[in-house]
Amino acid sequence: MWAFINKLRSPKWFYAISAKLQPLFWVAATLLLLVGTVWGLAFAPADYQQGNSFRIIYVHVPAAFLAQSIFVSMAVSGLVFMVWKIKVADMVATVMAPLGAAMTFVALFSGAVWGVPTWGTWWMWDARLTSMLILLFLYLGVIALRGAFSSRDSGSRAASVLAMVGVINIPIIKYSVDWWYTLHQPATFTITGRAAMTMDMWAPLLIMVLGFYSFFIALTLMRTRSEILRREANKRWVRELAEETN
Amino acid sequence: MSLCLQARQLACERDDRWLFEGLDLDIQSGEIVRIEGPNGSGKTTLLKILSGQLTDYRGELYWNGEPMRQAREHFLANLLYLGHAPGVKAGLSPLENLAWYQALSGEKGSEPAREAALAAVGLAGFEDVPAGQLSAGQQRRVALARLTLTQRALWVLDEPFTAIDRQGVAALEAQLVAHAQSGGCVLVTTHHALTESPVLRRIQLG
Amino acid sequence: MAFSSLNEFFAMGGHAVYVWAAWGVTALLMLVIVWHARQERRQLLNVVKRRARRENAQRNAQPSHAQPLQEPVNSAQKDVHHDA
Amino acid sequence: MHAPQGGLMVAIKATLKRDLTLMLRRRGEVLNPLVFFALVITLFPIGISPDPELLASIAPGLLWVAALLAALLSLDSLFRSDYDDGSLEQLLLAPQPLAALGLAKVAVHWLLTGLPLALMAPLLGIMLSLPAGSYAVLALSLALGTASLSLIGAIGAALTVGLARGGVLLSLLVLPLYIPVLIFGAGAVQAAIFGEGIAAHLAILGALLALALMLAPWAIAASLRISING
Amino acid sequence: MHAPQGGLMVAIKATLKRDLTLMLRRRGEVLNPLVFFALVITLFPIGISPDPELLASIAPGLLWVAALLAALLSLDSLFRSDYDDGSLEQLLLAPQPLAALGLAKVAVHWLLTGLPLALMAPLLGIMLSLPAGSYAVLALSLALGTASLSLIGAIGAALTVGLARGGVLLSLLVLPLYIPVLIFGAGAVQAAIFGEGIAAHLAILGALLALALMLAPWAIAASLRISING
Amino acid sequence: MSLCLQARQLACERDDRWLFEGLDLDIQSGEIVRIEGPNGSGKTTLLKILSGQLTDYRGELYWNGEPMRQAREHFLANLLYLGHAPGVKAGLSPLENLAWYQALSGEKGSEPAREAALAAVGLAGFEDVPAGQLSAGQQRRVALARLTLTQRALWVLDEPFTAIDRQGVAALEAQLVAHAQSGGCVLVTTHHALTESPVLRRIQLG
């Protein structure tokens, strides 16, 4: 365990190991997303209530899952960075934030679009929708705070603190929003309270979820490598690497 | 009293440029160490690192032989730092400013002592004027009154002579020498010419 | 296959606007993200290479010791940094 | 050579006194959030509609949102002037736990912002025809809630103190974190109007405050150290 | 010895460019008022009630008040950083009419704050279930109105720039002057919802803007001189 | 070119204390006038009054014989004022800072000229670094580059040597003398010892 942490301290080691892992995840992501897309769009049966608009689920749910997972990963990376001073952890957190915000946006957008045929409105102040919107603001806050510092080190540490404070608050926000909604009116639409899905509908969803996660890992590896290049540009090993690739 | 601040293999990088690298420092009781160098050579940065405000550096710091991490509390109890900004609250009078600084180190202090310290820096008569209405030099003198008032062994002073008039500079210089001779130590940057003294040592940056 | 013809597939049982809008935006965004990541990597590699080449040249010109760099690398970095 | 001294109480007391003096010396400062609160509350009838029934139905929410914004705006200056004149540097270099000194500053902020807002809210409630019977709950929920708001907000203020234009960024950082407090605070008032039990709401507000009291001081101290670093 | 030179256009252009560069360089700055706007709009349903019908009935007022607050808060920094670093002194000592240079700064402020707010408002209107047919009027009234707000607000910003904590005092000075703009702005949107004519409202907004354009630059210049004297 | 700034019976009161009273001043082409006095004697206040920033004083100001009110525009076109705060925008690069200052006086200027001015104050290589990331002395040097760049006859400089290193001080002093000798005039406060020169005149306050 300690040996592993010590290895993580070295961006060079991460650069090398991620070079091997990255293609694996890109292949997995491409395959899963392709299969999931074809299956979900063309082969899964239409929903007996919602008809074909139901196919939005295959982008909506994976994006919503990812949006939440990424914030937690970001906070964990921030903690690792603050406690063990592992720079790679901070680089990972840096590159994850925009992807997390993008996934939150996708979940919001696809949900809003889906709302029109099912609920007859783009938006309603439902508990889950509201907490997703707040998650988007938390992401924007972390990104803006990091960018606002002129010293990279300070920006990193500030963003880590904010991500950790935010992640403590996410369950509180979720809980309070649930409570608030049920306070005022009974749940008109519950997202979960529907008949269990058939296998035909469920399998492509699982595949899409796995595909999104692979995509997330692959992209994070790739952009972390870029971030390493950016931050270590004047290290000897980077220069040697540049000369090799010449 | 005897104390010592050591730095080993200190290095600091800004904008892909090493301000200093492999710097070894030993600062002992009885010394005035003057950091020299042209503008932008990293004097302020070095002082901030040594006083524990910047953490973005490489190398090790030791206080009386202990690593700084463990000795930090003890180190802070002995440190008096004056930076580019004087740390004088514009809305408070010089007396109130000093009272807060004394309390920060856990002492209550006494009003006459504070008045005496202000008189010593030439601010007699300005004790109760809001500091914001003092001139640039007078504001810095309020900060300098802390040197007389609080008993700290290690003084870290970044350009303490800024905006101080000629008599003030001479008096302050004498105070630094006296502090060193009574066993304290002083770390100072300034572009003023200081008079030679056996306790003065120079370190060149840049 | 849930659709009997291509037209039917595109029509999505009357929900075409919604389904294709949601999927389209998602796909577009993911493609842009990948494109940006590749672009970023290529640009950074270029910067590193250019810098290495310049330093080599300098080292050859004055073998004593390499000058500290004050290069537009910084601003280039900043620009890339905040995208996305 | 000095060993670290105790005297933490001396330092805390002096910090409380200093901040109180500074705020009270400019009497305007203390009034500003109150006036902002009142002005925003006046804007709503103008912008929305002067109909008392409509106003009464939205009054708890409006009052809470406006108080929250007033508290938020006063936060920006919590550490900023100390940062600008170099006192913050000195606070960090004091041989005292930074979390405790930070907490003292937050306490002064609440005492001169949150508490007066809570006391003034019932008055504005009258203007919005807030139903009778909910005034005490309004004040109580605001007093409890603004304490959490000050603590959470101070983290944001500490994070942004070194940045040129912290003001709006600060809002972005802390408003999402304010939402639970808003929900239970406004909820308490609404529950009081509908004659439901308010104990649960107030208990949760108390719990949030306890949590904030435990965690926020450390986050504030860490954030201040980061900001001083540049 | 130099005689006073013309070159006013050069100076104005350079000031526009400088302020645009400064704002755009921190991309966050431009987004901040927008995010604040969105956040405040989110607070209302949470604080008041998620009921779409109730929200729709108060949406025009809420949107206008929130946009007004967002524009107001971004004003504080209009002259402050220039004051702090001494550039304002230099601006006043420039051999150019101060009113013109001040106007250039205000123009940049509107371009990067008021205009984006106006463009974003319809989106938030959707979230508050604002009735269809009023979206264009909402954007137009905000675009016109925020220009007046920037001009009037800049007077307040200029008056308070020398004071340590201008933020809330600024609100206090400026909000009363904002009320006419708010009345006709929110009125225009409501008229559009009820299908009444909107021309009158928009004409008055335009007249307010023309008046502000004529008078505000002189007031701004005078206020800046007072602040520097300070 | 020949110009003259005159003050007649100038008086300024602060906190029930006269900083100066009945002050008569004549500043002519070819002169360096140094205002001297201990901290708090009113040097900054005098410079601000003379450059038209403070209006809270008694007495009269004349520019080339005309009362200042009427001559203000012409006066400003010939004035270069540097105060305690350097007026350098932290978010802009030194080049961009200078470009704005040039444009303020109605000239477009040229990039090479600005680069040359920066090189002259020792900032070659820092042209594109955000000024906020420069050291205290480097930031002041950006402001001082305006002396080379803009052609103004009357320089009013409040403590221009603050934070400048030794070589920098010598170079700046030479520049002031050169400016006076070529027919400009300089009004300066500083606590630094200046080398004697036939063009240097002193005025004592306090």
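All chains are identified by letter, namely A, B, C, D, E and F, in their written order; residue positions are counted from 1 within each chain.
Criterion: a residue touches a chain if its C-beta (ideal position, glycine included) is under 8 Å from a C-beta of that chain, and two chains touch if they have at least 3 such contacts.
Please read these numbers as outputs of a predicted model, since none were measured by experiment.
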Are the two sides of the chain B and chain F contact the same residues or different ones, given that same means over half of the numbers occur on both copies? same
Return the chain pair with more inter-chain C-beta contacts, choosing between A-D and A-F. A-D
Chain centres from averaged Cα atoms put chain D and chain E apart, in whole Å, by 26
Averaging C-alpha coordinates per chain, one finds the centres of chain E and chain F separated by a number of Å equal to 36
Centre-to-centre distance between chain F and chain C (centres being mean Cα positions), rounded to whole Å: 49
Length of the line joining the C-alpha centres of chain B and chain F, rounded to whole Å: 30
Multi-chain contacts in chain F: which residues touch at least two other chains? 84, 90-91, 126, 129, 133
What are the residue numbers in chain A that touch two or more other chains? 134, 137, 140, 144, 147-148, 150-151, 153-154, 177, 180, 233-234
Listing for chain D: what residues touch at least two other chains? 26, 81, 84, 164, 169, 172, 175-176, 179, 183, 229-230
Chain F touches which residues of chain B in the complex? 14-15, 37-42, 44, 84, 122, 126, 129, 133-138, 141, 159, 162-169, 191-193
Please name which positions on chain B make contact with chain D in the complex. 1-3, 51-56, 73-74, 76-79, 81, 83-92, 96, 99-108, 151-153
What part of chain D is in contact with chain A in the complex they form? 155, 159-160, 162-163, 169, 172-173, 175-177, 179-180, 183-184, 187, 190, 204, 208, 215, 219, 222-223, 226-227, 229-230
Touching chain F in the complex: which residues of chain E? 1-8, 10-11, 13-15, 18, 21-22, 25-26, 81-82, 84-87, 89-96, 101, 228-229
Which positions of chain B touch chain A when the two form their complex? 16, 55-56
